[in-house]
Structure formats: C-alpha cells, structure tokens
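Paired with subunit B in one complex and with subunit C in the other, subunit A is shared by the two complexes that follow.
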Partner chain A sequence: MSKSVLGLYDDPNQAADAMDALKEAGFAQGTFDVLTGTPYPEGAFGEHVPQHRLFRYPAFGAIIGFTLALFLTTATSIAYPLVTGGKPILSVFAMLVILYEMSMLSAVISTVVGIVIESRLPNVNPGVYDARITEGMIGVVITTEDDQADSAIAALNGAGAMEIKQA
Partner chain B sequence: MQQRRTIDQIHTNRVLLNGQLDTPKWWAPTVITLGIIVAIGFFMIGIMVNKGLGVTGLSRPVYWGLFITTFVFWVGISHAGIMISAILRLSQAEWRRPVTRAAELLTVFSLLTALLFPLMHAGRPWRIVYYILPYDFARGIMPNIRSPLIWDPVAISTYLTGSTLFLYIALLPDLGNLRDRTQGWQKALYTVLALGWRGNPRQWKLQTVGGILLSALMLPIFVSVHSIVSWDFAVTPAVEGWHSTIFAPYFVIGAVHSGVSAVVTMMALMRWLWKWEDFIRPEHFDALARLLIVVATGWLAFTFLELIFAVYGLDAPELELRDLQIFQWPWNILFVTFVFTGYIIPVGMWLQKSVRNNIALMFWSSIFVNIGMWLERFLIIVPGLARKTPFVYTWEAYRPSGLEWFILFWSLAWVTFLMLLFSRFFPLVPLFEQKESQTFGDSIKIGRVRVPAIVREAD
Partner chain C sequence: MASEALHTAGAHASSHEEEHHELPARVEPDVIASELIATTEANASGVRNWAWILGILSLVGIVSFGVKIGVEWGNQAEWGYTAAIVAFLFSAFGGAPLVAIAPTIAKANWVRPVARFAQLCSLVSIVISIWMIPMILNLPMLVVDGARRRSIWFEGPDVSPHVWAIVALTTLIICSVGLIWAYGMPDFAAMRDHGTGWKQRFGAWAARGWIGSTVQWRTMRLRIGMMGTFYFFTFVFVHFMLSTDFAMSLVPGWRDAIFPMYHAISSIQAGLAVTVIGIWAARKYLGLEKYLHLDQFWSIGRLMFAFTLLWGYFFISAFIVFWYGRSGSDQMWIDYLILGPYFWVFIGAVLLIWFTPWWWLIWNKVRRSYNGTAIGAGLILIGVFLDRVRLYVAAWSVPEDRIHERFLTEYPSTVYPDVFDILIMVGAVAASMLLVILATRVLPILSVWDVQQFNLLYRPVDYMKTKVSLIGKPD
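This part shows the complex of A and B:
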C-alpha cells in the first residue's frame, strides 16, 4: 500500500533542503516532487529537470492537417469540376490558403494535446495537496510505501516543514 | 519597473480574484443592462432574418455596407490578443504580464462577434451551411473550396480555435488557484476545468515551453487571417479601391493598430472597475503608447502608399473614386474624421509623456483610434461600390438604416457582456504571471541608488 506525504514550507531554501534530505534518505528520483503556485527557475529546488517531447506534436499535427486539406481541396474540386476563368480544376494557388490554414490548425490542436499529455494531465488522482500552495507556500510531496513513510516524514521535518499532511 | 511594489501571493489572490470570489456591486446591474441590449439586438436580427435585407440600407450597387465594415472592424480588434500575447511572450517583455489574458480574451470574443456579421449579412443565414456541406449529394455538387469566400471562414475558424485553446492552456494554473479558493459547485467546476493541476516543475515547464510554442504557431495565423480578410476585397478586380496589392500588410498593420488600442481601452476599464492599480500601472500604458506610436506610423505609411499606388497610374475610374472618397460630401467629412481620429489626435497625444502616464487620456485616445479605424474600413468598402459607373443604373449613396446602426452598437454591448460574464468566473489578469514577476523581482544597488530589477533565466 503506497502513501502520499506532503511537507509545507514557506522558504524555497527549506524546500530545496527537503528535496536533498529525501535524496539522501535513499528515495528514488521520480517518487518525490515539489509543488509551487508560481514557476521557479529550473533546478531551484535541486529537482530533476523534466524532459519532454512537446516539439514533435506540432510537426505531426501539421502533416496530418496538410494531408487532410490536400484531400479535401482535391476531392471537392474533382467531384464538381467547375472551370473558373479558364484556370485548371486543381488550381494550386487557390488551394494554398486552405492547405496552410488546416495545417496550422492541426498543428495548434496537436500542440495543445501535447501540452496536456506531457504535463501528465488530466490527473484524476492528484494525491495529497494543500490549497496554501497557491498562496505562496511550497509543497514537497513524496509517494512511498507505508513502511517508508516515517523515514520520509523525518526527512521533511528535518528540513523545517511547517506542516506535514498524509493521504 | 519603477512603479512596481512588493505584493505577497495572498494579497495577489485576494485582489485579482475579486471578480470571482467577491463579485463587485456594479457587476450585476451592468450585466443585466447589457443583457437587455443584447436581447433587443437579437430580436432586431430576428426581424431582419424574417423580413429580409430590405430593412437595411443595402441596395444595388452598394451590397456590402455596415455589416461587412463591422465584420472587418471586429476581426481587426481580434488581432490585439496575439500581437500582445505572442510577440511580448516571445520577446519576454516584462510589461506583458497584466495584459496578456485580457488581450487573448478580446481576440476570442471579437472573433465570435465578427463571425456573426457575415451570417447576418447573408440574409438567410441557414444557407451558409451549403458553404460547408455538399449542396446536393445526389448531383455531386460540392462547395467551391477555391472561393475566397471559403478562405475567410476557414482562416477565422482556425484563428478562433487556436486562440481559444491558447487562452485555456494559459488559464490552467489560475483554474487550479480558483479550485483552491472556492467551495461547493464552483470548486467542482474548477476542479474539472483545472484537469488536476498541481504546479510541479514538469507542469510549469510545459506551461512555459507550450506558451512559447503556441505563440510561435499563432503568429503566422494572425498574419494570415487579416491578409485573407483583405483578399475578400483585393481579389475583386471590378471595384476600384479594393483591388490593391498592398491590402494584406495594410490590413494587418491596421488591425494591430486598432487591436492594441482596444487593449488600452480594456486595461483602463479593468483598472477603474476592479481597482487593480497595483497591477495595471501607468508604466504599462506608457509602454503600450510607445508601441502604438510605431504601429500607427507604420499604418499611416501604408495608408499613403495605398493612395499613391491608386493615383500614380492616372487611371480615370481610380481617380474618380479617390475624388469621391476624399473630396465629395459626405465622404470628405468622414475622411477628415478618419485621419484625425485614426492618427493625428492619438499620436499627437501619445508623444507627450504626461498623456502616456494618464489613464483617462490614454482611454480616450484609444477610443479615438477605434472610431478612426472603423471609418477607415467604411471608407474602403462603401465608396468603391457607391461610385457612378457606366453599367450601373443607380448610384445613390448608401444610407445605413437605424436597424444597422443599432446592430453595430449591439455588437459593442455584446462583446462587453461576454467579457463581464467571463470575468465572473475566470480572472482577467493571469495570477501566476504576476506572482512570477514578484518571485523574480528584486532590487539592485547601483552607486547610491537602489533600482528595482527583474531577474530572468538565461535561456
């Protein structure tokens, strides 16, 4: 049975100390995290710098959008071959706008999907949390087995936690 | 950043969430009044749909009038969001922080409003469906995807979808904040909308990187949208005054001019109504005014270029049109008003530091700009159609009907109504941006003075 423990701090230095204490106590990277109400510089708490693949999403989306737009413009033009001003039925310049807009639309949608997925959202079981985090407190949270919870609490308290919450 | 003062996060929450947690007394009466105007407007639109376009002043040869002018006007206003949000985000301009949300919101609601005008203008809006779906499957008649009238809705829908998603992604941290501050059904609503946001380093990193990536993607869309709107006119060779090769950049820079001015209007109202003096400060208006001087002057250059290109060829119909547009009654008075309100008065004001730091004067100067920019669109669209031409048996000047004027003012009430409704449920200023600014804020001693400063990561 795993347990979630949260230590609350009002000083970033103490939160960084808590992260160090958890590492020293032998907890693996990825089992503990820091929660803040505002972005801090990367590595401010000695945390593992997260890696992501967000840049792949817009490229993938743009290719899908372009392909769909090419199909739409080509298929509708061929399905009803209306000659306009003696121009070819498949007139590339007239199709460019649709190709461009649909590629961009698909790139934006896939980027947003990427942001959500890479942020590990939606998170239906967020675990222990405290509303004061969005008031400036810094939370250090760890998910561990029941028998190691005391060791985690000791590490968090050792860094000067104002309060410990468990769930 | 001389006017910035240190504010703790609890105070930031209390002040910037006052619209959601402690609704101001003026909010309900204002929304009810606007709601009545909006309802009357929809009733008027219903009358127009029922009776037909005969209730408007539209008639041959002027078949594009107030509705299309207002459509272009609202698309122009919508350019505020991406101009402010994306460019300032990409350039990491510190003064963007209180502005971005309102600007993005203005984009979304003005685009929604803009989309309504071609529907009204169509007279029988349900027939618009044939632009999207096959007219008749049995005979294989498909929408002509090559038509500029298809380009327009595709571009605007792309921009609207992208802007709405951009707005939502940037709202996630503040939705988490609202979830933490509310109870009951509101908490349930914000819990769902926040998607389980907790504020760990991964989520913050994705918020930052994603914001920059979306900004970079939205910028080319923003340029394309008003370019495509301009091509509604520019690809029509039969109408002098419309068929211009510089219309795309001319429309884009005009849209930025009117959109950023609309952001100034909105920021002044936000500062007054919600009493956000600590967050929306004179320095923000000063920065916007400096930006607007550059944008307005660029736009003026395009205005003159458009005129010069038109008359340089000494083409008789083109010269007749310019004569009508600039020297003939009643267009001449509109032209003079347009030049004065669109450029001379506001830029003359913004050149004074005392004006740039005076919220009331900035508010009125931004109103002037948008009067001028609406007139600019009217003067581009209508005189070209109203001019006497050889194959037209009627050329009487177009007089918009009372109903058209009401619907124009209705659109202003409608956008304000939507904004106020939004403000009841979501913060108009991004809280996490303000808090980040405080986290990164410090002061450094240089010689004998202590200067407020903002620290930024190197990459």
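This part shows the complex of A and C:
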C-alpha cells in the first residue's frame, strides 16, 4: 500500500534541504517532488526535472492539418478544373491561405490536447495537498510504501517542516 | 538564477531627479493571493453597478441588432457601421494579448502584472463572432451576376470568404480560450483554494487538479509560449482576411498590399491603448496601486509611442504608391478613401491615431505618468475607431451592382449612422467590456502566480549612491 506524505515549509531553503534529505535517505528520484504556488527557477530545489514531449503535438497537428488542406485544395481544383488568370490548375499561391488556416487550426487543437496530456491533467488523484501552497508556502511531497513512510517523515521533519500531512 | 540584471529604471543620477520614481515595494505571497483573489469579489468599487449598466447596454445593442436584421436585411450599405465596430473591436481587444505575449516570450519582468488583463481582452472574439453574423451573411458571393468578383479567392467555391472567415475566427477563439486557460490554471487553483461559493467550484473544475508540481510548471512555460505564438499567427491571419475580404475586395480598384499590415499594426497600437486603460482603471478603482507601478505604464507608453510612429510609416508607405501611381484606380483610392465622403473622419483619425499621440507621448513626463499615458491611449482608441469607420463604411456602401467595375468612378455619398447603428455600436462595446469584467469575476484581473513570481525574483537594492531593481531571470 502506498502512502503520500507532504511536508510544508515557509522557507524555500528548508524545502531544498528536505529534497536533499529525501535523496540521502535513499528515495528514488521521481518519487518525491516540490509543490509551489509560483514557478521557482528550474533546479532551485534540486528537484528532478522531467522531460516532456509537448513540442510533438503542434508539429503533429500542423502536419495533419496541412495534409488535409492539401488534399482538399488539390481534390477540388482537379474536380473542377477552371483556369484562372492563365495560371496552372494546381496553383500553390491560391492554396496557401487554406493550407495556412487549416495547419493553424489543427496545430492549435492538438496543442490544447497536448497540454492536457503532458501536464498530467486532469489530475484526478492529486494525493496530499495543502491550500496554503498557493499562498506562498512550499510543499515537498513523496509517495512511498507504508513501511518507508516513517523514514520519509523523519527526513521532512529534519529539514524543519512546519507541518506534515499524510494521505 | 542563470543571470541577474541590474535595472536602473527607478533611479539614475541626481541630475535626473525629475525622472525618478519609487521602486516597487516587495509584497508577501500570501498577501498577494488574498488581495488579488479579493478583487474577484470586489463590489465596493461599483463593479456590480458597472456590470448592470453594461449588461443593459449590451441588451439594447442586441435588440437593435435584431430589429436591424429584420428591417435592413440584404441591404449591404446598411451594415457598414456594424462592420466598422467589428473591425474596431477586433483591432482594439484582439491586439491587447500581444502586449502580454511578446514581452513574456522576451522574458520582460514588467509585463507580469499586465499579462492577465491583456489576455482576457481576447475573449472579445466571442462578441465579435456574434456581431459578425450579418457581415458574413451580407458579404457578396464570389460570383455576382454571373461573373466572379475580384478577391483573394482565385479558384475557391462561391462561399469561400464566408466559410474561411468562420474557420479563422473559430481558430482565434480556441487560441484565446486556450491561452487564458493555459496561463490561468494556477490561478484557478488559487480560486479553488481560497475562493468561495460557485467561483471556488468553478476554480476547482478549471484547475483540473493543478497542484503546482515540477512537471506542471515546466509545461506551463511551454504552453504559454506555444499558445501565445499561435495566437499571434492567427491574429495576423484574421487581420489579413478581415481587411481583404470585408473591406478591400468590396471596393473596385482598391489594391493595396500594405493594407493588411497597416490593419494589424494599428490593431497592436489599439491593443496597447486598451491595456493601458484597463490597468489604469484597475489601479484606480480596484485599489491595485501596490501591484501596478509606473514601470508598466512607462513601458507600454514607450511601445505605444513607437507604434504611433509606425502608423505614420505604414500609412505613408501605402499613400506614396497611390500618390505617384496616378492611374485611375490609384486616384480613386485617394479620392474615395481620403478626400471623399469621409474626409473629415479621415482627418479626425489622423489627428487622433498619429499626430496628437505623437506630440503627447513624445514627452518623458507624460509617458512616466499614469494619467498622461491613459489620455494618450484614449486618443488612440478614438482615432482607430474613426479610421475603421472611414475604411469599412466606405467599403460597405459600394453597391453590389458596381462590384465588377475596373475602379469606382462615381463615389457613393456619405452614409451616416442611424439610431440602430449607434445602439448596435454602443451595445458591442458594452458587451465587450462586460465580458472582460465578468471574466475578472472568476480569475483575478492580475495573475496571482505571476505577481508572486515578480516579487520572488525582484529586490530593490542600494547600488553605490542610488537604488536599483535587482531582477533574477530564470533560464
């Protein structure tokens, strides 16, 4: 059975110490994290910075949209071959507006989907949390097995946690 | 912190004493959260009364809209003022988010307290989509009287401008909502944690379980950048479509490659102006002096001044081609859109978009004052409105049966607004303002997390014989 333990700190340095203490106590990177109400500079707490793949979503969406638009404009131009201004039936400049617009629409929609997925949202089981985090307090949260919870609590308290919460 | 910047905006040498202003004091994060969330409840400042007044005006506008649809349907010339107000609202409110996007991407610190309001302005694209209905339905088909009219849709089906305008506007609305949501998620969480009643429930729903973890903050920076970039690309594209399909292509002989850019540049100028007026009102009526400093007004004032000068550059760039071109269509452009039936509107626009703001905002003292910048912004907004009237009312008053002429030789006379036009325009502006005010009831008008980060990374420090802002820049 796993357990979520949260240590609350009002001093960022203490939260950074807590992260170090958890590392020294042998807890694996990725099992503990820091929760803040405002973004601190990356690595300020010595936290594990996970990789993301958010850039793939707009690129994938733009390719899909572009392909669909290319198909739409090409197919309709070939289906109704009207020569306009002496230009070729398949004129890139006449297609550009639609290519651009559909690429954008598809990229935007896929980015919104990517944001939801990459941000691990909706977070239906956020674990232990404290509303004071959005007031400036810093939480250090760890998810661990029941038998290791005491060790985690000791590490968090050792760094000067003003409160420990468990769930 | 990878680097730190010494920012000497607050104090220079004593010989420039008159340019000094107080450096902002640091505010504790819990105070920021409680004070900014309190603004969503604020009624002492009369927000509710304003909302009622704007709501009634919006309703009057919508009713007038319905009456006009019933009476004037199919008469293109009667919808010129609706087209003008749509173009104005899109220019002013649509341009505002760029005030937040560009400096945020450039990691400017001053923009933090301004970004939320600027982004909320993009919600007005929802109002625009409603007011655009008669424009789209009254826009001539591509084939008129058996012949294809001149447009950017060289080979498209008959309803191409209508359909793709809807698609473009839909993309813009998705970008707007996506940008506001992506940027606002931590503040929805703050509303969930500290709000009350339905706003707390709405915050919990919109926060989607936000807890401020490392991965959430890391992707947050990226999604703001991405959605902001998409907004910019869609914004310029909608300007391109609006200016070509709903203005230029309606006037035979009007061919101006600079016009879409002119449209977008004046929109950014108007967006800066709307942002200044918004933060000026927030500072004055919501008691946010602690968070909105001279630095924001001064920075936007400088940008506004730069775009005021750019307006002149873009206008002259277009004008000089027609002036020296001297062909029939070139002369038509000058005679109809400048010297013609809207000459005095044009003069008013030039004076208020360019000449007066130029000689007003040129002064450091003006740009470094709250009221001075707001006055400049007000002038610009009126000027941009007049400019849109000059362009769109003139374009929409060209009868459909003359759309195939090589260029206009006889100019339609001045179309004056009737009572419905006035109510529709007032209603559109009121609905836009109401939407922004209502949005500030569920999200604080200043971003809690961004203002907290401003304070986290900022220190007023002594530097030799003066005081400077020390700003940490992550990344």
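Criterion: the second predicted complex is superposed on the first by the 148 of 167 C-alpha atoms of A that agree within 3 Å, B and C clash if a C-alpha of one lies under 4 Å from a C-alpha of the other, contacts with A are read in each partner's own complex, and residues count from 1 in each chain.
Convention: a contact is a pair of C-beta atoms (placed from the backbone, for glycine too) under 8 Å apart; a residue touches a chain by one contact, two chains touch by 3 or more.
Since this is a predicted model, take the numbers as computed values, not measurements.
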Simultaneous placement of subunit C and subunit B on subunit A, clash or fit: clash
First (subunit B), second (subunit C), both or neither touched by A:164: neither
First (subunit B), second (subunit C), both or neither touched by A:82: both
Touching partner for A:72 - first (subunit B), second (subunit C), both, neither: first
Touching partner for A:97 - first (subunit B), second (subunit C), both, neither: both
Contacts of A:64 with subunit B and subunit C, given as first, second, both or neither: neither
Touched partner set for A:42, first subunit B, second subunit C, both or neither: both
Subunit B and subunit C footprints on subunit A, overlapping residues: 33-42, 47, 49-50, 52, 54-55, 58, 76-77, 82, 84, 91, 94, 97-98, 100-102, 104-105, 107-109, 111-112, 115-116, 118-124, 126, 129, 131, 133-136
Residue ranges of subunit B touching subunit A (in the complex, touch as defined): 8-10, 13, 140-146, 150-151, 154-155, 157-158, 161-162, 165-166, 168-169, 172-173, 176-177, 180-181, 195-210, 213-214, 217-218, 220-221, 224, 228, 432, 435-436, 438-439, 457
Subunit A to subunit C touching residues, read off their complex: 33-42, 47-50, 52, 54-55, 58, 76-77, 82, 84-85, 87, 91, 93-94, 97-98, 100-102, 104-105, 107-109, 111-112, 115-116, 118-124, 126-127, 129, 131-136, 139, 141
Complex interface listing, subunit C residues touching subunit A: 1-2, 28-30, 32-34, 152-157, 164, 167-168, 170-171, 174-175, 178, 182, 185-186, 189-190, 193-194, 208-223, 226-227, 230, 233-234, 237, 448-450, 452-453, 456-457, 472, 474-475
For the subunit A and subunit B complex, residues of the former touching the latter: 33-42, 45, 47, 49-50, 52, 54-55, 58, 72-73, 75-77, 79-80, 82, 84, 91, 94-95, 97-98, 100-102, 104-105, 107-109, 111-112, 114-116, 118-126, 129, 131, 133-136
